[in-house]
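Structures given as structure tokens follow.
Heads up, the next two complexes both have chain A, just with different partners, chain B and then chain C.
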Partner chain A sequence: MSESALPPSLAAIREDFLALSVQDRLQLLLEFSDTLPVVPEELVDPDAWERVEECQSPVFITVDTTPAEVMVYASAPEESPTTRGFASILVQGLHGMNPQQVLAVPPDFPLQLGLQNAVSMLRLRGMSGMLWRIKRQVDEGLAELAATK
Partner chain B sequence: MSFPSDPSPELAGYAHPERLVTTEWLEAHKGTEGLVVLESNEDVLLYDTGHIPGAIKIDWHTELNDPVVRDYLEGEAFADLMSRKGISRDDTIVIYGDKSNWWAAYTLWVFTLFGHQDVRLLNGGRDAWVAQGRPLTKDVPTPPATTYPVVERDDSQIRAFKDDVLSHLGKPLIDVRSPEEYSGERTHMPAYPEEGALRGGHIPTAKSIPWATAAEADGRFKSHGDLVDIYLTQQGFEPGEDIITYCRIGERSSHTWFVMKYLLGFTNAKNYDGSWTEWGSAVRVPIATGDQPGEAP
Partner chain C sequence: MNLYRVLPAPPEVYDLASEEGQRDFLELSAAMGSESVRAIMVTNSAGDTVDDSGTSESLSRGADRKVLGLLRENADAVIVGASTIRSEPVPLPRTTPLVVLSASGNLHGHKLLSRGAPGERLVVASAPSHRESLAGALEGMPWELLPWDTEAPPEELQRVLKETSSSGHLLVEGGRKVWEFCAPITTELLIATIPPPRDSHEGIPPWWPGSPGNWELRSLFTDDAKMLYYRHEIAAAARPGA
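Let's turn to the complex of A and B:
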């Protein structure tokens, strides 16, 4: 576990989860699911959405990268609250970070939330897949920015 | 069986119609003493967003598996789980879930390993119930604990292990994964090689029949006539034959196992729960690639 490397916003989310019993962690995940920010249609080009294949439920993410800030958008159906919860943690937790901070998020962050016993390792891999795809899109965004300079 | 079967004509053609109930039947019978309704989903939070009134949540991942060994609970732990959920040995159980009942079928399969006598699926699962506008609630029932007997799991009848599959090669075998997984184009989920298998392809001689072949778009099983046409006429399987189904970890293949066992009446149908995550990483087992079944070695 690379706990020292966690940015404050993600560290706070982790502390919130770890302070709860295993059952209550599920309820907190449900709250995240309920508060996944709605993406205004005009904000994202429909072709920009990338499907997260690691999740069996359909979840799509897209990332806007500027030198100063990374904006992550995610969309997942209401019938997939766990997947929505994972997406919401990342969207809210990464909010306001710059590209370097996002790229530095430890890939095992999803495993630091104490959810293994509550949701199972297999399901948590969906969240790791989202994080990996977000970082890859940030990398691509930085490369595009460098190319258009 | 403690409850009479659902007499709906929709189910009458199946080999074992007593293994299915319709949404109408469940709505009419739920709440009756001796009938337990269980929700088993891929999504561990879905039950909490609303479920059939009186239904109890059961989770395949976190409750039916041994926490350490890749195996299911032993008899004592299963009895304890049943007791905590208020289930008696002679209760009729109806299971339903998301994703066309994948995980509901997997849970039914595990209950069957423990010889629970009367366990049924809700045809169409959660989606059918919701689509018909039937009632949902967030109230979580707290049934009093029961005494459930400790019954040792019987893996000999409906469960196949890797060695069983090896000695089965040449007999009917169904791979229910996607065509890309079957051909070997796709070995695992990108970025997560440890989750998938080290090699891609399929077990030689396995026919590729994706699980959804057996399902209608609305999540219900296809009619008996359609299933006969697909699995018996087109594929040439016969209900007297031994048959094994597999997928990646055994959930999608539980769906097809249910079809073979209870809807088409194969007396000796088994699910290979080790599936591709075991086979595709095992040393020296034969593998075929491409879209043809391949030969038994």
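Let's turn to the complex of A and C:
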């Protein structure tokens, strides 16, 4: 995958992970877990949340798409810090990017964080599921925007 | 996130997302007597408590992590084994001491994580002769040694563990080796499963602590993911030391 395919914020997160030892990568993941942005209730339609079925934990995502910007929101339980950390990475890395930047994120991004030896593939597949669903929602959002023009 | 009480009657709904629901659930599941060793097991229908990855990740669903989190917060100490902290990232609980039982004294490759919270406390129960090896594995992480003779009878383990505890409420989270040590002193067993765990020969899973007749089903819950939660208490006559 090319370096330019990643939005700058997501690329910076990846570089932060890869600069650390495996143990410290886990510590950084925990920090992301602790900083998953709180979603203001008034910003999100309760019916818009999509369950991420690939995650064992109850993780939900929703995306607002405009031609210029994508707003990504996620909810994940504090009791699942690994999964919550992955959700936080995607929210902090993709929120505010334009739709094309989000759609260009390679599907193997979760494998680029250097965590394969630290967390199970089941968890990494959960993050892949989040990313796939975010991109699918962006696609659908763009289609709706095109239809209303 | 709801937990539905099926037994004892009457049926009750606990909203675990609310403080009131959490409080009501904790009151119902309050440890009996002045001391308890509570164990929580997440299993599949075959009674397995771990999957191929060596963790309970694929067995977990519904409200089980939330229930575990609540029980952790309200225990005096949480007990895990070396295999648990090697197989998956384990953040130190914010307010409850984490006790790692280590018969071998080898914690290399652990995935313990610290937030640096003031309430974090890592205790390793192991033989004093393992202090140096433990110090190497836990370099950079504050910890304390709880001297424990692995050859001593189970009651000695309970006595040692109570040193980490203000009122004697201990929560055993699992690990095969840990369970070998803790099963004889366990007084309460919470099993989260879909559907009830059954061994093909005896009708109970191999890790079941002691005789099934020693245990009484006190409550049964389910949740929105159709997970079942069986809470057993050991009968008074079968309590350790009775």
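Going forward, the second predicted complex is superposed on the first by the 145 of 149 C-alpha atoms of A that agree within 3 Å, B and C clash if a C-alpha of one lies under 4 Å from a C-alpha of the other, contacts with A are read in each partner's own complex, and residues count from 1 in each chain.
The working rule: a contact is a pair of C-beta atoms (placed from the backbone, for glycine too) under 8 Å apart; a residue touches a chain by one contact, two chains touch by 3 or more.
A quick note: this is a predicted structure, and the numbers were derived from the prediction, not measured.
Of the two partner chains placed around the shared chain by superposition, chain B and chain C are both touched by A:Val119.
Contact with chain B, but none with chain C, is seen for A:Glu53 once the two complexes are overlaid on the shared chain.
After overlaying the two complexes on the shared chain, residue contacts for A:Leu29 are found with chain B and with chain C alike. Of the two partner chains placed around the shared chain by superposition, chain B is the only one that A:Trp132 touches, whereas chain C remains out of contact. After overlaying the two complexes on the shared chain, residue contacts for A:Ser80 are found with chain B and with chain C alike.
Touch criterion not met for A:Ser88: it reaches neither chain B nor chain C. Touch criterion not met for A:Thr62: it reaches neither chain B nor chain C. Residues 26-27, 29-30, 56-57, 78-82, 118-120, 122-123 of chain A lie in contact with chain B in one complex and with chain C in the other.
Here chain C touches chain A in the complex through residues 1, 53, 55, 57-58, 60-62, 65-66, 68-69, 88-89, 91, 111, 113-115, going by the rule given at the top. Contacts from chain A toward chain C in the complex involve residues 23, 26-27, 29-30, 34, 56-58, 77-82, 118-123.
The residues of chain B lying in touch with chain A in their complex are 42-46, 48-49, 59, 61-62, 67, 98-99, 189-192, 195, 249. Those residues of chain A lying in contact with chain B across their complex are 26-27, 29-30, 33, 53-54, 56-57, 78-83, 85, 117-120, 122-123, 125, 128-129, 132.
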